[in-house]
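Everything below concerns the one structure shown next.
We call the chains A, B, C and D, going by the order they appear; numbering starts again at 1 in every chain.
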Amino acid sequence: MTQDDVTVADLPSNWGRWGGDDELGTLNLITDEVRARAAAEVRTGRSVALAQVIQPVPLLSGPFAQGTFQVPPVQQLMSYTGTTRATADLMLVTNHHTSSTHLDALSHQTFEGQVYPGRPLAEAVTPAGVRHGSTATFGAGIVTRGVLIDLAADGPLPAGHAVTPDDFEAAEEREGVRLESGDALVVRGGWKYLFDGVPMPGLSEDAVRWMDRRGVSIYAGDIGDAHPPLVPDAPSPLHTVALARLGLPLIDAAEVDELAAVCAELGRYSFLLSVAPPRIHGMTGIPVNPIAIF
Amino acid sequence: MTQDDVTVADLPSNWGRWGGDDELGTLNLITDEVRARAAAEVRTGRSVALAQVIQPVPLLSGPFAQGTFQVPPVQQLMSYTGTTRATADLMLVTNHHTSSTHLDALSHQTFEGQVYPGRPLAEAVTPAGVRHGSTATFGAGIVTRGVLIDLAADGPLPAGHAVTPDDFEAAEEREGVRLESGDALVVRGGWKYLFDGVPMPGLSEDAVRWMDRRGVSIYAGDIGDAHPPLVPDAPSPLHTVALARLGLPLIDAAEVDELAAVCAELGRYSFLLSVAPPRIHGMTGIPVNPIAIF
Amino acid sequence: MTQDDVTVADLPSNWGRWGGDDELGTLNLITDEVRARAAAEVRTGRSVALAQVIQPVPLLSGPFAQGTFQVPPVQQLMSYTGTTRATADLMLVTNHHTSSTHLDALSHQTFEGQVYPGRPLAEAVTPAGVRHGSTATFGAGIVTRGVLIDLAADGPLPAGHAVTPDDFEAAEEREGVRLESGDALVVRGGWKYLFDGVPMPGLSEDAVRWMDRRGVSIYAGDIGDAHPPLVPDAPSPLHTVALARLGLPLIDAAEVDELAAVCAELGRYSFLLSVAPPRIHGMTGIPVNPIAIF
Amino acid sequence: MTQDDVTVADLPSNWGRWGGDDELGTLNLITDEVRARAAAEVRTGRSVALAQVIQPVPLLSGPFAQGTFQVPPVQQLMSYTGTTRATADLMLVTNHHTSSTHLDALSHQTFEGQVYPGRPLAEAVTPAGVRHGSTATFGAGIVTRGVLIDLAADGPLPAGHAVTPDDFEAAEEREGVRLESGDALVVRGGWKYLFDGVPMPGLSEDAVRWMDRRGVSIYAGDIGDAHPPLVPDAPSPLHTVALARLGLPLIDAAEVDELAAVCAELGRYSFLLSVAPPRIHGMTGIPVNPIAIF
């Protein structure tokens, strides 16, 4: 089947699979068995962080602070504390920023006016915050087995490449690993989210169908949905199908080069993955630094 | 020796121990051996989060948002995205807030006008952000062995109690565990940071000296420095001595009741601890959800 | 004609009156002749401010700032300037807040999906700011003759009262003044915007039709649209008809008690009115302190 | 006397002139007589705004907003209101920004650790806001006679020029006007606050002494203190002497080219000046759009 044949009725969906009130989505797939499989990966305690560094700029650009040339994901303001003993600050965070490794909550994307698993948008997302499918889902942290699918072992994916199930399965074979139900899928395409006009590769809808069949619980990658979209008028596979229909949380803009180097060095592409953003409820997304532990 | 005998010259210090440019402080104590010890704790993959839930309120209290009665650690603003397909928001975070589980960076506190390990405040902390001893220290995440010292197994500590080395060692004996160099010390006193006038218990200076002797790499607790201070005119032990002089990062306002229950259930008070706040550099502190993995 | 007879076709409108690109609305009515009439009111230079006082609370409620019990229109953060010679701060302003005297821009309200004078909402108001009908309209300041219609000379209006043209004309006769084309209408009802459950009085649709006939250029009042609405399913007269259809800027939540006292003392209910908010373009509204000069 | 002879004891000061609790400073000079003089200037109602246009950029630079290349004085965030009938936003304002026409409050600058008229800094400016000498001073608006001293009638002042009393008096003679006690001094130097390396001209200390002798109540200008300072180690005349010692409020970065054109056209360099920022108390400064009325 080609992308052209896709109709909405065909799109995979988990709406209703875990009930109409569910807020965990595919995180339901992380069973005790999956956790034990993750635990078995931990041998030396060596760890790798999967987040890009965020270097904030001062919120103030006036007479007392240096200039800046771009509004970044985090803006900082140093507080006047009335003392030189303690220092303090606050930060203004753009939760969905392409230069920030962040976790999309299930309410971030709608499908036909509804958020997972079929709640009307206006009921889930209000001017006063998110009432269903917010970052509350991630409050206890997510610990599961992670598998790196390195599609850039021989260099970055070609511009505009549509990642297919074949790409995934070729990598599994090359790496000697198999992604099981409940696992986290970590994808390396060798790209940055630059939006500089060069067509960024991304997952095809078939790739998302494959993720559904395999039981992926959570996705992280240095690539995601292609930009510009692979199929202009079709739903974007990761955000619209995986996030909104499958309830599969997405970690956008992950940094996985060091992870790939460590996996290659150890000859092992699976690990325990700990995903624990600040325990702030009610958001549509939040910055996170996922940690792979070997 | 009593608290009255303390002079500044006596206070423990790591200034210079790892050089004049060091920004890791006691995190230097987390060696490969410590990591392996942490890894050995991971058996089932069961995990516990150590952060309090933060429930933000809308930044707007105008005609379109509900009222609020307290300014919390996080204020949220739902963005107008010009579409109903995607939702987005931003958040304004007060990094040092007593209702938020957060990680203090080494620059948060000074000792005699200097931050660890002896840098002048004005050089380290500027109106445009932190140049030394910021949250950059935590960028790679912290993975080490954690040990829970549960001082509230028989109920909350008495009001105003000064926690001593004897308290720590009695707990170790009771729990059958010994805190080793490089471990994270997690303390449960059975209190909340309420500041409601009831004197909150806290660590004595001798307790901090004990932490120095044992080689604690990082501290987390539902208690910390007493409030009001145990010794009015002496430096507060955790913030001034441990954080500013030892370079020992502090996790304030941790939530450890569930952790204590799981430790008691498993008969095991040690675990792998993963501490991975968003990878945002340049701050004096940042919210975090530490994860204990068994 | 009663309110029940109103149909949309009947509603007064200035869409097209000054062209399809107009952003001034009824401010077009302020001619040289109107300005000269305003100038003639200035005799002693005595002046009265028409804004409520806004007392901000600190943005931080953490360890270094006092608590707060309500999120106000303005939140303040004192900056760390790295010096004791200069102090600085910033403020986060909720432009449309019922405790703030503010000026609504023409884009604040739509009529059937369009802003004055018939521009599609999505074209005028974008996620990146307002492109048509923003506060840019007020950049040069507004100077015109103001007339106070004091409906509360004998005490506040009754709860839920619908202000009618008869109310306006009775006040004109009592005060010996007549509102002319281009004048600013300043209304005193003797109420505060409390939203405490007591039905707040407000202008009827007939009152807005009267404003249209008389050529009011701008409205300021301590009352505005009734709350709850006078006619549940009809458009709110001031915001939907005057602002969105007539292009008549509104000053919400003005403070006019001192103005009324001065008018009574001088036996004169007309004055020069200067309305000059900060010259910030692109907003849907902005705080303002209108000044009446006698 | 040359600048080199200046000692602190010589500097003019109003500390104590209007008592130790005064928060009006030189605004005390605006008497009924001054106001009547201002009123007499109003003949046609023609008006000119003295503020630069501020074009905000979106606070969000993420996927839903356009990029930006500089952090401006005002950042905007469009609110999600849950409806298409009303639009709303908020703005984050850097009160002291060199691209914004703003009014400095008396607490903005200290002299030897004190703010006007001799209050210790820590007592006046706290982490929770300003307790003395804040923008509360401007709550009722300022209406007085304004006089334009156009030093750029024949082109911009030379780079690095130190404005002297002779410059002021030559302009008075040229314009046929005399600045009297209580008047607002509006200065045009023909410069913008660019800080591009070219030495910006500014007022000498003698110019500020002249302002003191003449009884200037408030200052506005497109130039102010020179940048870099005229005398490196001496106090900056306008901010340290006029603002901190005389209690003379300053309007930084005014836009006065249109005003100069209108004055030249009318052959009249005096007018009524209305200065009415939003009535927000407790700030160290605030954006304002001063209005000259003829």
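Definition applied: a residue touches a chain if its C-beta (ideal position, glycine included) is under 8 Å from a C-beta of that chain, and two chains touch if they have at least 3 such contacts.
Please read all numbers here as calculations on a predicted model, not as lab measurements.
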item	value
Pair sharing more residue contacts (C-beta pairs) when B-C is set against B-D	B-C
Reference interface A-C: repeating pair among C-D, A-D or B-D with over half of contacts shared	B-D
Distance from subunit C to subunit B - Cα centre to Cα centre, in angstrom	50
Cα-centroid distance, subunit A relative to subunit B, in whole angstrom	27
Chain centre separation (subunit B, subunit D; CA means) in Å	46
Contacts with two or more other chains, residues of subunit A listed in rising order	57-60, 62-64, 78-82, 86-88, 90, 92, 94, 96, 125-127
Footprint of subunit A on subunit C - complex, ascending	59-60, 62-64, 77-82, 86-88, 90
For the subunit C and subunit D complex, residues of the former touching the latter	32, 34-39, 42-49, 51-58, 60, 64-66, 74, 76, 78, 84-96, 100-101, 107-110, 113, 121, 125-130, 136, 139-141, 143-144, 239-240, 272, 274, 276-291, 293
Residues on subunit B engaged by subunit C in the complex (per definition of touch)	57-64, 67-73, 75, 79-82, 92, 94, 96-98, 122, 125-127
